[in-house]
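Below, each structure is written out as structure tokens.
Next come two complexes built around chain A: one with chain B, the other with chain C.
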Partner chain A sequence: MKLALLILEDERPVREALRRDLAAFARHVRIEEAEDVPTALEVIEEIDAAGDRLALVMADHRLPGTSGVDFLIGLAADDRAFATRKVLVTGQADQDDTIRAINEAGLDRYVAKPWQADALRDLVREQLTEFVLAAGVDPLPHLAVLDAERALSIVRERGDL
Partner chain B sequence: MSTATARPRVNLPRLTLVQRIGLLLGSIAFLVPLLVEIPGLEPAGRRMLAIFLLAILFWVSEAIPLYATAVLVILLQVLMLSDQALIGVAGTLPPAASYFAALANPVIILFLGGFLIADGAHKFGLDRSLAAVMLRPFAGNARLSLLGLMMITALLSMFVSNTATTATMFAVVIPILAALPQGRARTGVALAIPVAANVGGIGTPVGSPPNAIALGALEAAGQGISFIGWMLLAVPLMVVVLLFAWWFLTRRFIAADTPLALELSADFDRSPAAVIFYVIAATTVLLWLTEPFHGIASSTVGFLPVVALLATQVMGADDIKRLQWPVLWLVAGGIALGAGIGASGLDVWLIGLVAWEALPLTLLLLLLVGVSVGLSTVISHSAAANLLVPLTLSLAIGLPIDPTAVGVMVALACALGMALPISTPPNAIAYATGEVPTSEMILSGIAIGGFGALLLALVMPSVWNALGLL
Partner chain C sequence: MTDVIDRAGHEGSGAGDRLAPLWVLIVAPEPLAASIAEEVARGLTDIAEVVCADDAAAACVQVSAHPDRIVPLVLMTASQAFPGLADSIDTRIATLDTQAVLRRASILLLTDQALHDDLSLSVDRDRLHAVIRIPGSPGVLAWHARAQAVRWLSAHRPSDPRTRALVATDGRPVAQPESDLLRLLELDTQEVATQLLAGIERVLGPRPRLLLPAGTRLIHEGVDVDAVLVVLRGRVALDHASADGDLRLHHDSTGSVVGLLSLAQQQRAFFTARATTEVEVVHLSFEQLDRALAVDASLGAAMAAVSIRALAKRLRRADQLQVEKTQLNHVLERERRQLSDALHQLEQARLELVEQARYATLGEMAAGIAHELNNPVAAMLRATTYVGEDLERVLASHPQGRLATEIFTAERERAPRSTREERAARRRLQAALGDVGLAQRLFDAGIEDPDRARALAADPPSLDLAEAVAGIGSAVRNLEVASRRMCELVTSLRAYARPKGDPVAGVDLHAGLEDTLRLMAHRLRDVEIERSYGDLPPIRCHPGELEQLWTNLLVNALDALGDDPDELRRVALITDAPDTGHVRVQIRDNGRGIDPDILPRVFEPRFTTKQGAVRYGLGLGLAIARRIVDAHGGAIELISRPGCTRVTVTLPVAGPPDDEDIET
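Here is the complex of A and B:
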């Protein structure tokens, strides 16, 4: 089982920039891209069918068709995305959209474009750790991409089985 | 929130090939003694043999979780070998309550106390602060720092589970690891922690579950050992194996001039709750160590912190819920299994199988320790002890050696199987850090575990005798 990270972004250069800045995670995390919401839903179906877990979605707001915020609101009720962490990566969400994303989608973080690569990596590590803790996933296979100290706090409660 | 929220899904795990085979063979092995006449074995013994074979195959293959096999063993014993048996047999069978009582065995109560103290130590940050204070004298030299790290890990592991000790120590050490140059030095440090945690676990009865399993079985056979009595038997071995491990790991991985800065800050919690905890924990440990003077059994002492911590509300219902119940059930299953083997007469039949007394004692002890280390390398230490302790204690009846020595020896040998990432949870944690290649874990596991096994089989019995401990 792999942790999956979904990038939902219609602009190709932005997707590539995200993927480049998150390259350090690519060895341990399944990184998927989608340019619009229907593609994103297909990707989620693929992740689920492969037995992987959608740990983190990084979505832009302005997309052709359904908006990123509406996608995240739908995701909040999706069993395939239980405990999935939601991050809005955008420069263009207005106040109302942002309020809806927080109140209705349970938005976890907001990243304003342009982002700082280091801060973004820290944020992804933190959010993957939050997912593993909330979803009850065994952290050991994913330790390399997690905040080790927090991840090990679950392991310590296992005892010497 | 206005919308529905996602629900967690319970995904049933897919069984591996080994698990499927284990399930199949376990079921067949369970049926054979029930259907086939076995010479020299009474019906009760045949039923117990069926349960024992099933336990072996399920625990070895992990066809179902370890603790599930443990509760299955208890249920089968109640249904087949108690006064509530579905089909009775000639003779009297023990009451069903005696099997259920395994979960309230004094050894389990002892562990309950140990667990609460360990959890409290983490809750109040005592484990980290103690580690920081004790590391100070070793600062400056990389090889000496590693010795300090291993001694502290072992000391914590004597009272805290090996898994929790390793998790705590890695949380402390991972930032330090990151500062080291990539490569051998990192591997050495990352290997030192699980090795020290595994070895340290043998030090006291509450250090790891195999100790409890052996202690419970010995107590049932009227051969109980006090807390301090166990320590006198085990700590000399623990210290020598630790020193050897340190020597091996530093020579192999840590160059003398490695820059290794192990300076941590101690931050003792001085809140009233923490102070009450320190007093209760210290009193408990003191009472454990002084049993010969006051005569209060270690299990009774173990129940003291349970009462005191809950009554003072230093710990509460949540802390009870967080206790490692799967471990307690696993140990209880092992105790029930041992009791059943004795009560059903299966032990007598097992001794008669092989003319053990024809073998030289030294060879027999080597064999015993070798099998224990081998089995615990590939399966859980606790499960290995659950299977081997009752078996070897039955054999010990016919041998010219104290059964206590045999019981303790098997428990200690089960701690030395640490050559694979799957051998123990501490090894799994070390492997997960990505700093330890499997080949290095195998090599150091064989070297250190092998050294410990030889010492245990060849030297310890004479040491125990010479010190008048048996």
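Here is the complex of A and C:
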């Protein structure tokens, strides 16, 4: 089982930049990209079918035909996305959209464009750790992409893993 | 009170009736009528014939039987011929008034009753001229009737020779009033004052005349008055001090004896009396006046007459002031309303100006930003190319240069694919290699051919190089895409600020529309375009500007259509020539329409994000459209409701005005 990270972004340069900044995770995490919501749903289906877990979604707000917030709200009710961490990566969500994302989609983080690569990687690491803890996934196979200290201390506390 | 009878100005219609017989009508039961007629006739033998009638109706019959008669007077008794009939005085006078000739007559009511409550209408309509108690002293009735007839004649028939015989040249009856007071009141003010002074001098001896220059104060406001001044010559004004300075209350209405009213009330002067010309006055102290009046009682009438004249004059002035004040208040109220309206309009105009200034500022800011961004963006675009060129030169001397250049070029020029296609390609590679991590690295380096992938995987230094140059390749590509897009935005901003070049004549408008449709083909994939082109003359215009205009309007229509693939999205293009001087283009869409709240503002330049989506040209699309149409001397109109939005552009065939000022 692999942890999966979905990048939902309609502009190729931005998608590629995100992927490149997160290349360090690629060896251990399944990184998928989608340019629109139908593709994203296909990807989620594939991840689920492969027995992997969707750990993190990084969605742009401005998308063709819909908005990232609406996608995240839909995702909040999806069983396949249980405990999935949700991050909005955007330059254009206004306050109302953001409030909606927090209240209705359980938004975890908001990343404003342009982003800092180091901060983005720290954020992904932290969010993957949160997912592992919340979903009750054994952190040991994924330590390379987690906040190892925190993950291990939780493992010791729980003692059942 | 609207139907007060006009008794003036009815002097007959011509010279023919100038000596028409005069009748004085007695309306009374017999034998009372006969005795009244006899007495009245004694006073009027030289003027009029006295005629009797039993009642008002009979009087009307008599008068209508003799249409040439003129009736100055009607004497009517309160008692009636038939005591059973109890017509009120009002009713009977109303009956008389059915005859025009009687409507002009003066009515004298002869009554033996102590109280009347049946003549209110007659009083109200000014139809009762005297109430005479009968029986009265012998001769009174004759005298009264004569005096009334003379007064009527002087008022109604001033040029009648009979009137001239009875009336003095100044319009007064020849007979003088018997009482001193009324006689004095008929004199003019100055004369009364002179008579009063003469009387006083008879008692007190000659009074010294005081000669005072203009500006002299004769009485001081707020100071006790203990003397009067008889003004024999010159003019005096009465001023009252107020918070807003001295008010001149009387000048023409001052009267000839100054200080009399204050003296009468034994109080401080309400006015300051000030000579406005040189004046000649006689000073009379309270004691002197008192003594003169005590010695010669007849002076009282003169004193009263002077007072009444002064009072009447000032009262009239006060009444007139009241009327003026009311009129002034109306005028002020009207002006206040006008001012209030004007203020409101000014405020509106100010708000509009502020709005305009705001958008002008925004336009200037957009132009400024565009200008400032232009150079860095151009530099960025060039630098990106240079990086590519230099890298190719560097790689040329590298041992693995061929491979690296090939990977770099492939990655830099890689055509866009959907994420779905990319995922499928990546999975194929994964399946071929059996190593997900390795496949991802190779795929990211742009290697999709399995054999080549395997070769590279076996040669780690080459793989590292391939990854690196692929990364540079995609970075350069993304830099180019991003800076080109910024160039477009900058161009769009500049387009808002300024068109360029001279207008071109003989332009086929349909060709421009078709060019625009071709350029936008990728965005119009799922949209049904209906063309309905009319015959248009070639026009003079800025063709590039018009293409920008059609682009912006089509983009606006596409925005309204939304992205729902299930709905039929349709845009109609309709062209025609409404007259020989103009061409017209309509662009209609069947989209959701424009929110009525923002409809009035769609042509205003603005930066907008709606539902997270930035509109074309940072929300300047329609503002640019309007600017272009304005610059062409045309008109643009937008009507929108759900399911139908229609933009109509009308352009002059002759093109932009010659003296067009291109700057906006």
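Please note the rule applied: the second predicted complex is superposed on the first by the 156 of 161 C-alpha atoms of A that agree within 3 Å, B and C clash if a C-alpha of one lies under 4 Å from a C-alpha of the other, contacts with A are read in each partner's own complex, and residues count from 1 in each chain.
Quick note on the criterion: a contact is a pair of C-beta atoms (placed from the backbone, for glycine too) under 8 Å apart; a residue touches a chain by one contact, two chains touch by 3 or more.
Predicted model only: the values in this text are computed from it and were never measured.
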item	value
When chain B and chain C are modelled together on chain A, clash or fit	fit
First, second, both or neither for A:45, with chain B first and chain C second	neither
First (chain B), second (chain C), both or neither touched by A:122	neither
Three-chain overlay, vertex chain A: chain B-chain C angle, C-alpha, nearest 10 degrees	150
First (chain B), second (chain C), both or neither touched by A:158	first
Which superposed partner A:12 touches (first chain B, second chain C, both, neither)	second
Superposition-derived minimum Cα distance between chain C and chain B (Å)	16
Contact footprint of chain A on chain C as seen in their complex	416, 418-420, 422-423, 436-437, 440-441, 444, 471, 474, 477-478, 481-482, 563-564, 609, 611-614
Of all residues in chain A, those that touch chain B in their complex	51, 73, 75-84, 103-104, 106, 135-136, 139-141, 143-144, 148-149, 152-153, 155-161
In the complex, chain B residues that touch chain A	1-9, 11, 66-67, 115, 122, 161-164, 167-168, 170-171, 174, 201, 208-209, 322, 324, 326-327, 330, 380-382, 424-425, 428-429, 431-434
Residues of chain A touching chain C in the complex	12-13, 15-17, 19-20, 23, 26-27, 30-35, 39, 42-43, 61-62, 64-65, 67-69, 90, 92-94, 97
